[in-house]
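In what follows, structures are represented as structure tokens.
What follows is subunit A paired twice: with subunit B in the first complex and subunit C in the second.
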Partner chain A sequence: MAARGVQQLKQVTSQHEGFLRHAGFRWLKIALTVSLLAIVIYAFDDVRPRPNGGSAYGYFLGTVGLLLILWLTMLGVRKRAMTRGRWSLKSWTSAHVYLGLALIVIGTLHTGFQFGWNVHTLAYVLMMLVILSGIYGITAYAALPRALSNNRGETTQTQMLDNLRMIDRQLHDAAQPLDHRHAEMVRMSLDDDPFGGGAWARLTGRYPRCGTRRAQAAVRAETGPNPAIGDDPLEKIDVLLERKEANLARMRQHLRLKALLEVWLYVHVPLTFALIAALFAHVFAVFFYWG
Partner chain B sequence: MADAYRIAIVGSGPAGVSAAARAAQLGLSHVLLEKTDHLSDTIYKYQKGKHVMATPSQLVLRSDLDFDAGKREKILGTWDEQAAAAGISVRLNAEVTAITGVQGDFILTLADKSQIRAENIILSIGTQGNPNLLRVPGGHLPHVQYQLDDPGEYVDEHILVIGAGDAGIENAVGLATDPAQRNVVTILNRTADFSRAKDANVKGLFAMRDAGRLTVMPETAPNKVEPGYVTLDTRDGEARIRCDRIIARMGSAAPRGFVESCGAEMVDLEVKGRDGTMSIRKGPKPGTGIVFSSPDREAYPKLSPQFESAVPGIYVIGALAGYPLIKHCMNQGYDAVEFINGNTELKPADEPILENRFKNMPRRRSVDDWLGFLGDNVEILGGLSPLQMREFMLDSDVRAYRIGETVFEKDEPGSSLFAIASGSVEVSLPNGKGIRIPRGSIFGEVGLISGRRRGATIRAAEDSLLVEISRTAALKLMAQVPSAKRVVNRISTERQLLQMFGSGLTPEDLREVTDSAEIMTVRAGQAVIKENDTDTDIYVVRVGSMVVEKSIGGKPVFLSYLPAGSYVGEMAVIDGAPRSATVRAAIKSEVIKLSGEAFRRLIDAKPDLFDKAKKDMAGRQDLNAFVEAKKDSFSTVVDMYSSIANFLVDNGIGEATDVLLIDENLCVGCDNCEKACADSHEGLSRLDREAGRTYAHLHVPTSCRHCEHPHCMADCPPNAIHRGPDGEVFIDDSCIGCGNCQRNCPYGVIRMDKVPPKKPGLLSWLLFGAGPGPGEPDKKWSYKHADPGVEKPKKAIKCDMCSGIEGGPACVRACPTGAAIRVSPERFLTVSKLEKGDA
Partner chain C sequence: MSFIVRQISRTADGREIIRPRTFDQPELSIGRNTGCDIHLPDLAVTLNHATIRQTGPSRAEIVAVAGLPFDVDGRSTERADLDAQRGANIRIGAHVIAVSRDAEADAIVLTVERVGAVSDASEVIDEDRAFSLGSALPGKRVMAWSFIGLVLAVFLAWPLWSFYTNSQAADPTGPRPIAFHADEMWSTGKLSQAHAQLENDCKACHVQPGVAVRDSSCVACHDTLHDHADPARLAAARFEPGAGGKAQLAFKSAFNVPEGRCVDCHTEHEGATAMPVTEQKFCSDCHADLKARLTDTAILNASDFGTDHPQFRPAVRTSAMPPVVQRLSLDARPIEDNGLKFPHNVHLSTTNGVARMAQTMQVEFGFGKSLACADCHVPDPSGTRFRPITMEQNCQMCHSLAFDKIEGTVRTLRHGDPKQVVADLRAFYRSTGPVQPINLGGNARRRPGDFAAQATSARFSFASATRYGRADPAIRATFSEGGVCFECHKVVAPSQSGTGTFGIVPVKLPDRYMRKGWFDHAAHQTETCVSCHAAPTSASAGDLLLPKIESCRTCHGGETAHKEVKSSCAMCHDFHRDDAAPLMVRDSRERGKRVDNGRALKAIRRQDG
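This part shows the complex of A and B:
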């Protein structure tokens, strides 16, 4: 029984590896081998007057790099095309990450360390930016899911929004007996768009003009000097605002983490297309004007 | 003078209307009696615009009225029109209160005391029109109602809803939803828990209560009803509250008392009251009137193949006869009238289907001959009536096997039961030997009972005819025929023991142990063995699963998980020591308890068995020693593992056969699993990633667990839910959209929805932005792009484990980070995970 358990354990854990550890770091090993090989050949390849992209090895590296970039781009299609067959997006992601990193070596060696203010270096810079944004993506994917899970507990995003709506309804009901001035305070919270404030607020989770906080401050200023004897409708409002504030904090943290997990794609993907455009310009330029 | 007719038809549902139409067509004098002021009250009461399905699709409709799937209004309209055109004589508002007399001269007494005479009677009253009534003083008052058609009708009222089943909760919530109606709604529940209602409904109710929209009163029952007020018995004594309207939703039952007294001789019977006192009441004399198959609440009247009840001249058809589907009802209406008209040659409408069942048989015989042959040769089918036999064969299959042909392989999934009508089969044992199972017996019962994979390979030992009985048909059979249930239980116990103890044993050797066997039901969490006790009984897990725990430092540590088919407790017999661990049920389970004494004598007599048992035991002792050794160095790991295992068992993993788990250390929330699911299945996702329980970053999303004994299968009118070849539980195209499975699923994984229109291809979305993109299209897009004029029905949608899709479950394949995994509980709940130290 114990022996069988160990056998099963191996199957379970292999299923349970994340994309970075996939298949015992298979793609990391492949990428390292490819990079090392590329460096060694580069070191022994005696190109005169100096190493450049136009040598035989340079052309080879360029071709490999170009094909690799096009293939890496295909992850976006693979992810969305739910075709049949024995493929796993996890192994694609794993290969995408490690081969993408290997591109640093392949691309840099292809330049032969010749840089200038031209379309060729533009393509190189774009490639490095895409890779940098990708590295941010890897760190975000490694660090943030745990925080996202901790923050939401077992509540779904829809439930969080429902909770907020419920508190708003209760606030609305509780505000009925109030006079106009106090009702205006509650309106500050009810009329506020709690998630407005643009991309910066979304990414930092800071909402300096939060209506609920202002409403609570106003209510507190009002009730502060009075003793809490439990018959003031404003006290109930205060409790509700407190609850809304806690719910808002959780929801904003949720949105912030989700935004942090996604924001890099808004750099990564458009730059990839810019990179491909620049690459074609680079290849066109090389073959039609240089050669 | 009462009117006299050849046929009186009681109840104008699909069965009754169809019968009347046939009678009109044949020119027979007839009358159709309907309690309400319109035809087909059950369908009339469906909510507005409901899509009515026409299943089973392979059954031909034989009726003078048309019926096809469509909207409630259209179907009712067609019937009204065609009934009028056919010249059916209908009497509305005619509730029959008593039927007396004999064939040729029945007297039907109506609620208005008028009488109708008829030579024959067709009872097609169904079971719906008979809600359980409020039996308290004032319960008859006009403001007590048993139906709520439109919650929007009532404003400014104090409304009391009685009954906290789904219907009651939905009504209460509906009445309180719109605060502008200013209704004061209270809902009563006789008990403290709300177990009869669906979880989502209960949560919705509690949310409304918490928001102050309505009052929930548990452990409360009505006591007295007066206009404007109601008195309640609450936990803390009587309470009188304002009440303008009472909506009683306390279920419905077949009007059995009425049916039993039809044509019966009434005598004084002694009746035992609830409080134990005896009283004298009028009742049918035993042996007269319509006879039911058993005293169970769900039993149906005993009928001849011509639907004739125990009273000659009274025919019972439709839901009351046990056929709730509209097509069956309409066909039976037609048939019953033909039979009454003397057309005894008429074959039932299911004849072509049954002929098809026997088409490939080596011998040619008529359907009736085949049914007789099976009934005579198969032990468990002995007690079936011809009508039950027909119905049974609709759900079953007969096949001929050549000698040596494989019936099923070991470890194949399958939950059907096989019976041997002729020939015999052989069970292949691991040691290469075989056991012969003779004609008349059954096999495959382990899969049926436990829901687990097949335990052994079975081959035909000679040319044989085998009946394959689907799980639902087998369960129905066992419920209807007690003798069949006894046979199945006896054989299954004996087989399970033989299989477990294995080599060289015969049923004779086991006789003493088998005789000591006792089948026990164990509730979830209940312990069958307690650590340090000194009893020696052995337990075989028959249904469900158990967990083994050992108390270390005062805390229970999860040792292992025992699926159905395993046995436990033999260590105490062999080494005589006290119990080394506690064994408790993970879910509601059934165990076979065997006497330890008898087992002791068996192993004394059979040294082979003793050696085998000792070998099995060694493995477990190692495990115990391992945990003991690790307990200091790895105590936190052990703790963690135990609590995760317990969390999973609490979330139904104990009854799962395959479950989707998400590691939230890896999940980036991209929802690609849901999108992949939708794109692999007609555009509807069968999983909700975000919902569900989480513990220590292990998340159990709302997605099917493919239970051993699927709760969803329990009550599916068209029998559309099956277990497929890979162990998946799936719903086929015959789904009628009734929503029973959705309500029965304790994990909320079934949704009712329409299939959205087809999306433009991926490339046109990527390049030109056409369509809604990958994943489930939103409701707005679906609505806008739906085929105009075509009303698609809502059907039950659930995970089918991507059966038939190469590469396996799309959710796992499409997870970019490896967070989504699918596991079966035996593989996941093993203590050996500790050895990695990363549980």
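This part shows the complex of A and C:
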């Protein structure tokens, strides 16, 4: 029994191999070989007067690059079906990452280092942006979950929101005896959407128009000159706002880390389709004004 | 006259709890104050917000107290009449008060319920979505479709539209207006400088969509260019491509790209530079073993200047009279006959009479201590070759044709016109013989009484026989060995019968020996003349003073040679051969590689003494 237990444990540890290390870096090796081969052929291919995408090797690289891009895009379809084995999703993802990186070499050599303000360079730039966003995505996946978990502590998202709601309720109750003007101050905090602020605020974690902070500033302006005698309901409000702000800060950091974790896909996916459209225009233009 | 107020609240699991309360009073106060009849624990509600007063069995009136409005059936107001029979909804802050009538109790029923959450955060939300960045950005799918639409519209539809509007123009073949045209975004790179003006006129070359550029587009402007050779012979001479080449040709034909187009060599869209020079391999592919395929050709095989190029074969005049010009290899040591007698060694000597004479003329003609090459050989304006040598410009200052002086004016013999020379000499000696008397009538029949005429005839015959002039010997001397003409020229003597006069074999100095190639003297100003031309040791005008290919190869090698000057075929030969310099030479001149002619020449002259 014990032996079987150890065996099971071993299996479990071996299954924890990520897509980057998949199958002993098989796809990294393949991608490196392909890139190196492409560079060597490029170096020995004597295209006159200067290398360009219209040479025989240029067309070859272009065709390979185009097919590779279409295949890489298919990960979006493939990922919806998780399977195991040789052609497992993990294997696909591993190939996607490393062959996608090899595309930097293939695509750049296809340009023959000739760039300009045209549809051809547009396709190249879009391709590079997609690849760079992918590289960012991998680094984000490697680094951010730890930060996310550190920030969260033991609380879950739901708990974070529940805490906030609880403070809001307390604020609401504590503010009941207040006159209208003071009640309006508290409402600045209550009516502020913790998920608002837009994408930029999410990514930077900066909320310059934060309702809670404004509410607290207003309350403190009110209570500041008065001595703290302990029976002013505004003082309790102040304490509650303080607590809310601390909670908000943690939640906003959480939102920021999550946004940084997710944002690359909002570049990677839409730009991939922009790239495919640009590639279509690129190939169309080449055959339309056929050299 | 009563109100029933039903306060609805909900338990945590959403169950409704209704607390009804009856008021037997005509007026109810509404507010956040706990003392109000209808207490709304809502911060958006003032402490005393409004009062509601019954005005009839099923009618009531609501009036704001603190001057803050409320909504009645969605309309913001500070006073409203309510018909409980018809019903109404009053919204104050996050609370809704539904007005209705309970006929049995004969009371107006006010159902109070909180509809809004305590705070924004307390509202029921899709938590996963709220925490995800997706809630703050447009969807990936929306963005993807928008980008596809944008890219296709700007980079596909717009250029296509620009192409078709150009096709529909009044004169589709004419030049396109200078402006931005969207199909320029399809250009793969700047055109060469020569074609810069076609930059925005794609159709100038890309005439039909999907059809590769044809030579007809080039010929439309370049109408004076001729073929490299007869197209049939050119086709026969073309090299057999290797496996890779065949595959390329197969691809090309599959994509409707014909073989051997102008653009195969003259590639475009390679940047705004001079059009690239044709590579050596474009020549050597066919010319390396041309004779194997084109067996009757006079052209010798060549593939590389440094390693595989035949000896120079200049066009040499081997006979001045009758004129014969032949292309002969320098290896065969051909002897030129240009009609002139000219020993270079005598003229370039630094110690003989020529040098002494040059010294006496230093001031007047700018000679040095002896003659130098440049004293006679003056570059033409291009610097490529030299101005023709003429008697008047280059010889006459020493080789004078003067024969008389009258009151300070020197009379010279007319160069280039032997008959005039003879006439002038005769005139000089005034020795044209006795004038025939007028009464000597030739072959008239003799009649009695002609004695006087007979006597005249006898005297004339005697005079003719005895009084010959001194001109004839002088003329003979001029044209014979030791004479001024004979010194430099080949003389054609009069026939034995004594008729006719002296003649001169015409002199023909070639301005160019190698008409199949290009040699630019200006480009070689770093060299001295004698480093190539062995003039100082040449004793005969028959010596062909051209350097052999071995001499050139000390500096020049093939395109890839490790020599001082890498020289592809295009440096001396042009594919479309004409009288102008090859493209490569013209290119290098444009780039300012050429040195200043005059200054360099002066330097050479100084060097030569």
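Brief remarks follow.
Here is the rule we use: the second predicted complex is superposed on the first by the 233 of 291 C-alpha atoms of A that agree within 3 Å, B and C clash if a C-alpha of one lies under 4 Å from a C-alpha of the other, contacts with A are read in each partner's own complex, and residues count from 1 in each chain.
Basically, a residue touches a chain if its C-beta (ideal position, glycine included) is under 8 Å from a C-beta of that chain, and two chains touch if they have at least 3 such contacts.
Just so we're clear, the structure is a prediction, and the values are computed from it rather than from any experiment.
By the touch criterion stated above, A:N118 is placed in contact with subunit C alone, subunit B being left untouched. By the touch criterion defined above, A:E154 reaches subunit B but does not reach subunit C. With both structures placed on the common chain, the touch criterion links A:A278 to subunit C but leaves subunit B unconnected. Of the two partner chains, subunit C is the only one that A:R48 touches; subunit B does not reach it. Applying the stated contact rule after C-alpha superposition, one finds that A:K258 touches each of subunit B and subunit C.
With both structures placed on the common chain, the touch criterion links A:V269 to subunit C but leaves subunit B unconnected. In the superposition on chain A, contact of A:D179 is made with subunit C only, not with subunit B.
Note on subunit A: of its two partners subunit C and subunit B, the one contacting more of its residues is C.
Contacts of subunit A with subunit B, set against its contacts with subunit C after fitting on chain A, overlap at residues 157-158, 169, 173, 258.
By the touch rule above, subunit A contacts subunit B in their complex via residues 1-3, 5-6, 8-9, 11-13, 15-19, 22, 77, 79-82, 84-90, 92-93, 140-141, 144-146, 148-149, 152-154, 156-158, 166, 169-170, 173, 258, 261.
By the touch rule above, subunit B contacts subunit A in their complex via residues 207, 211-212, 560, 616, 619-620, 622-623, 626, 663-670, 672, 675-676, 679-680, 688, 690-694, 697, 699, 762, 766, 773-774, 805-808, 810, 812-819, 821-823, 826-828, 830-833, 835-836. Residues 32, 34, 41, 43-44, 46-47, 66, 68, 118-122, 125, 127, 130-137, 140, 143-148, 150-152, 155-156, 159-160, 163, 183-190, 202, 206, 209-213, 244, 247-248, 251, 255-257, 263, 267, 269-271, 276, 279 of subunit C are the ones touching subunit A in the complex. Interface of subunit A with subunit C (complex): residues 48-50, 52-54, 56, 59, 114, 116-120, 122, 157-158, 161, 164-165, 168-169, 171-173, 175-176, 178-180, 183-184, 186-187, 189-195, 197-199, 201-203, 254-255, 258-259, 262-263, 265-266, 269-274, 276-278, 280-281, 284-291.
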